[in-house]
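Next, two complexes with subunit A in common: one pairs it with subunit B, the other with subunit C.
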Partner chain A sequence: MLDFAVYSITIIAVWSILALSLNIQFGMTGLVNFGQILPFALGAYAAGIAASLGYPWWIGALAGLIAAPLIALLVIMPAQRLAQDYWALITLGAAEIFRLTVLNTPALTGGADGLIVPRIIDPVLAMTVAVAVLIVTFLLAQRISSSPYGRMLRVVREDEILASTLGRSPIRYQASVSVIAWMMAAAAGVTYAHITGYVAPSSFTVTETFIIWTAVILGGPGRNIGVIFGAAIIQLLGVSSRFIAQWIDLPPDLIANLRLASFGLVLVLMFLYRPQGLIPEAKQVHDAERD
Partner chain B sequence: MIQVLVNSVVYASEIAIIAVGVSLCYSILRFANFAHIQFAVVGGYLTYSFATIPGLALPLPLAMLASAVMTGLMAILIDILVFSRLRNTSAEGKMIVSWGVALFIRSIVAAIYGGSARVFDVPSSTIVVGDAVFTTLDVIIACATLVLMVALHLFLYRTRIGSGLRALASNQELAVTRGIPGDRLIRLMWFLSGSLAAIGGSLIAIQTRLQPSMDLVIMLPIFAAVTIGGLSNVFGAVVGALILSLAQNFLIWIDFGTLFFGDPWHIPTKFRDYVAVLALVLVLLLRSRSSAAAAKR
Partner chain C sequence: MLSATDITLSFGGFMALRGVTIEAKPGTVTGLIGPNGSGKSTLLNVIGGVYVPDSGELTLGNLPLPIGRPDKVAQAGIGRTFQVPRLAHRLTVFQNMLAGERDHCGERIADLLLRPGKVKAQEKQASKRATAMLERLGLGHKANDYAGSLSGGQQKLLTMGMLLMSDPAALLLDEPAAGVNPVLIEQQVALLKALRDEGRIIILIEHNMEMIANVCDHVFVLDGGQVIAEGTPAEIRGNETVIRSYLGQPANS
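After this line comes the complex of A and B, so read on.
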């Protein structure tokens, strides 16, 4: 039972980092990233490739934290002067390209078989690491949310033209927030790789991106504590459905599919009945004189 | 050479039938509907069921027709349950919801049919023209697409209902004010795009195989084709599919090695999908320039 709690907290922590990362992009800034799994995969593969080449873990972590923001800038470039739906397509395409590249370069990335990464054997230590990364990410996200920078991100979300008339360039805000968000997700990826001890392209598909989306929409876009709550519910639903499967003896892939179907349903129902999420974004009032 | 052209036309046909539905939806409701890809998958599975369930075992064309009608009705049902209630939500919101719908449909299909691949047992003979080899199935696919696209064109441009749909696409409020029954026509649009997707999905399934994961294989080419054609332009999507397909097949066919280094070397076939994404990004980059230029004028 205790093992199960440790495992659940570890998984929830990793997915909460991803949810926070998507939250500062979508919830605060309004960027629709349909390739959120890409920076996560970049981090995980940086750890995996570094390990397979015999480098220590921190080289992999560093490589992931450098690669992710660079790719973020590359991907956000075409987003300049483009409607949101186009950026969604580009990020979706970029994530798929990465997955295809991994599948087609077995010499470096292990192809479909994946890579072995040194695993943190002690589950309590693994949990501590994951929670520590989560706390750092959360504090950073909170800091952004309450800063003047965060307020400007919200202006960009609500009205890009208004942001421009205030003398701020929306694309700069979108680019900088993407860089921060992608570094967060890459950190989650590095952590994930060392916790599971294994990275493979099948863990980084479009479906995973939408598990993150479901968590953010469920918890409350724009609210950091909300999206952690959302990620916790979604992941608890995930791990508990495995238990139920053992109990009532249903085939595991049937359960896996029903689980994903329920995530899809949650996403749709939230949009229909409670688009602000379970813990909505609080209205902020600022007095320019006193601030 | 002829072989490459034949392959391109067949592939473009399959993509185009599905892609026009995405454009139809975008032109009227102004959002990229990612659930559309699942209509194609559902259509493929329904055709398979109608054609193989013992006691029913419809002949394949009839099975496809039945599947098209069912998928069209499913699209209307989804509109009634979900999208019609979100008419005032932002385009991004609708796009995200369409992913939720897609995830739901995809998982239900996989739960019912399982993940393993199914193959249609269709007899087809090979035809040899010059040095090109293709099958009677290829010819049927290309002809079916041609007929459907001409029919769609006649419908949109030669009938009153078609003009109504185009009016909705160009200015919804004005069209409704002028007495065009907006809601009913939107339902009709869903039916059309759903059933076209079902036929496209069935054709792809018949030619290759049926699997719940086929959505990931066709998603990028379809959205690339739609984007090349300009998202809301229905027949632009057909041209987009053709351009994309030609680019993919020719890039693989051209012997870059002999051209540049002297030794024969081809781009491996597995890099086909890269062309789709590259085309997508390229078009978006060029488009953002031109639209920015247009805005300055």
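After this line comes the complex of A and C, so read on.
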């Protein structure tokens, strides 16, 4: 039972980092990124490729944290002059291009077989590392949320033309927040690679992006603690469905599909009945007494 | 002096502006009137950088204004409001005001992480000015309400307040009185006169002729993308061409 708790916390921590990274892009800034699994994959593969070439772990981590923001800028450059809807298509496409490239370059990435990464053997240590990365990410996301920068991100979310009439260039905010968010997701990817000890393209499909989205929509777009809560619920639902599979006699792939269907149901219900999420974005109340 | 010289703009085959020239002096209110579709808002959009004109020049003081870059125009000291007020609806009135603060070090990641004291100091300073401005606009009691919950008239006042946070040299106002109750209109007129007396350039699009007569020093009348008349409000009121463009030809002519 303790092993199970340690495993669950580790997984929840990794997915919470991803949820936070999507939250500062979508929840705060309104960027519809349908390829948030891409920076996660970049981090994981940076760790994997560095390991396969015989470099120490921190070279892989550094490579992931440098590659992700660069690719972020490359991906959003064509989106600069496009409407919001196109962000979704471009990011979705970029993530798929990367996954398919990995599948077709076995010499470097191991192709469909994937790569072996040195694994953190002790589960408690793995959990500690994941939670530590989560804490750093959370503090950064909180600092952004409560700052003048976060306020301007929300102005961009509400109305880009308003932001420009206030003398700001919206794309600069969209680009900078993407860079930060992609670095967060890359950090999650590096951590994930060293926890599982293995990276393969099947871990980075559109479905995974969809799971991050479900966590954010469920928890509360724009609210950091909310999306962590959302990620926890979604991951616990996922883990517990494996137990259910043991009790009731259904084929495992059916259970896996039912799990995804239940996430879809969560999304639909939230959009219909509680679009602000379980823990909605907080109102920033100004106290004139403290000035 | 803010001047737009010989501005031409066409959308496909439609000539929205045909060589429009206007000037607005500091410490005066300049009115733009004309029937719907005459090109008033289009002209404001050209000055504000939303549209790129086919030809023409824009200058503020002696400097050319950036063309087609709303953010650069705003940085040059020109504030602009819209017919339908643009606000961050899901932020409070106070947060909207603070968003008007220009060059906030708290919007730079490096300062945010490395110099929290500096960020806090500027935020505090901006808060004081926002509080004072909200009191001046009569919105002090609404500071912590969501901007989206304000009435239409209050929203228009708030958008003006956000612009004034950056102390702009010029204000472009698109129908500030439309759909606003008479009490708030009086408040707006008083505010406009005070802003004029501070030496700002104010360009005003308005259909409310009482307000035009009340606050404008000079009026340009647009019709079909051209300036058809200009002068003081009293001169304009008696101008035959203007009466015809607003009311149509007399039946017996």
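Assume the second predicted complex is superposed on the first by the 284 of 291 C-alpha atoms of A that agree within 3 Å, B and C clash if a C-alpha of one lies under 4 Å from a C-alpha of the other, contacts with A are read in each partner's own complex, and residues count from 1 in each chain.
Just so it is clear, contacts are C-beta pairs under 8 Å (C-beta built on N, C-alpha and C of every residue); 3 or more make two chains touch, one makes a residue touch a chain.
Owing to the predicted nature of the structure, the values given are computational and were not obtained by experimental measurement.
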item	value
Touched partner set for A:A261, first subunit B, second subunit C, both or neither	first
A:A68 touches, of subunit B and subunit C: first, second, both or neither?	neither
Which partner, subunit B or subunit C, touches more subunit A residues	B
Subunit B versus subunit C as contact partner of A:I97, first or second or both or neither	first
First, second, both or neither for A:A41, with subunit B first and subunit C second	neither
Partner chain in contact with A:I279 - subunit B first, subunit C second, else both or neither	neither
Contacts of A:T214 with subunit B and subunit C, given as first, second, both or neither	first
Subunit A residues contacted in one complex by subunit B, in the other by subunit C	none
Residues of subunit A touching subunit C in the complex	143-144, 147-149, 151-152, 154-155, 157-159, 161-169, 176, 180, 281, 283-286, 288, 291
List of subunit A residues in touch with subunit B within their complex	30, 32, 34, 78, 80-86, 88-90, 92-94, 96-97, 100, 103-104, 205-207, 210, 213-214, 217, 253-254, 257-261, 263-268, 271-272, 275
Subunit B - residues contacting subunit A, complex	31-32, 82, 85-86, 89, 91-93, 95-97, 99-108, 110-111, 114-115, 216, 219-220, 223-224, 227, 268, 270-271, 273-274, 276-277, 280-281, 284-285, 287-288, 291-292
Residue numbers on subunit C that touch subunit A, as the complex places them	48-50, 70-71, 74-75, 79-80, 86-92, 94-96, 98-102, 104, 106-109, 112-113, 119, 122-124, 127-128, 131, 143-144, 146, 162-163, 166
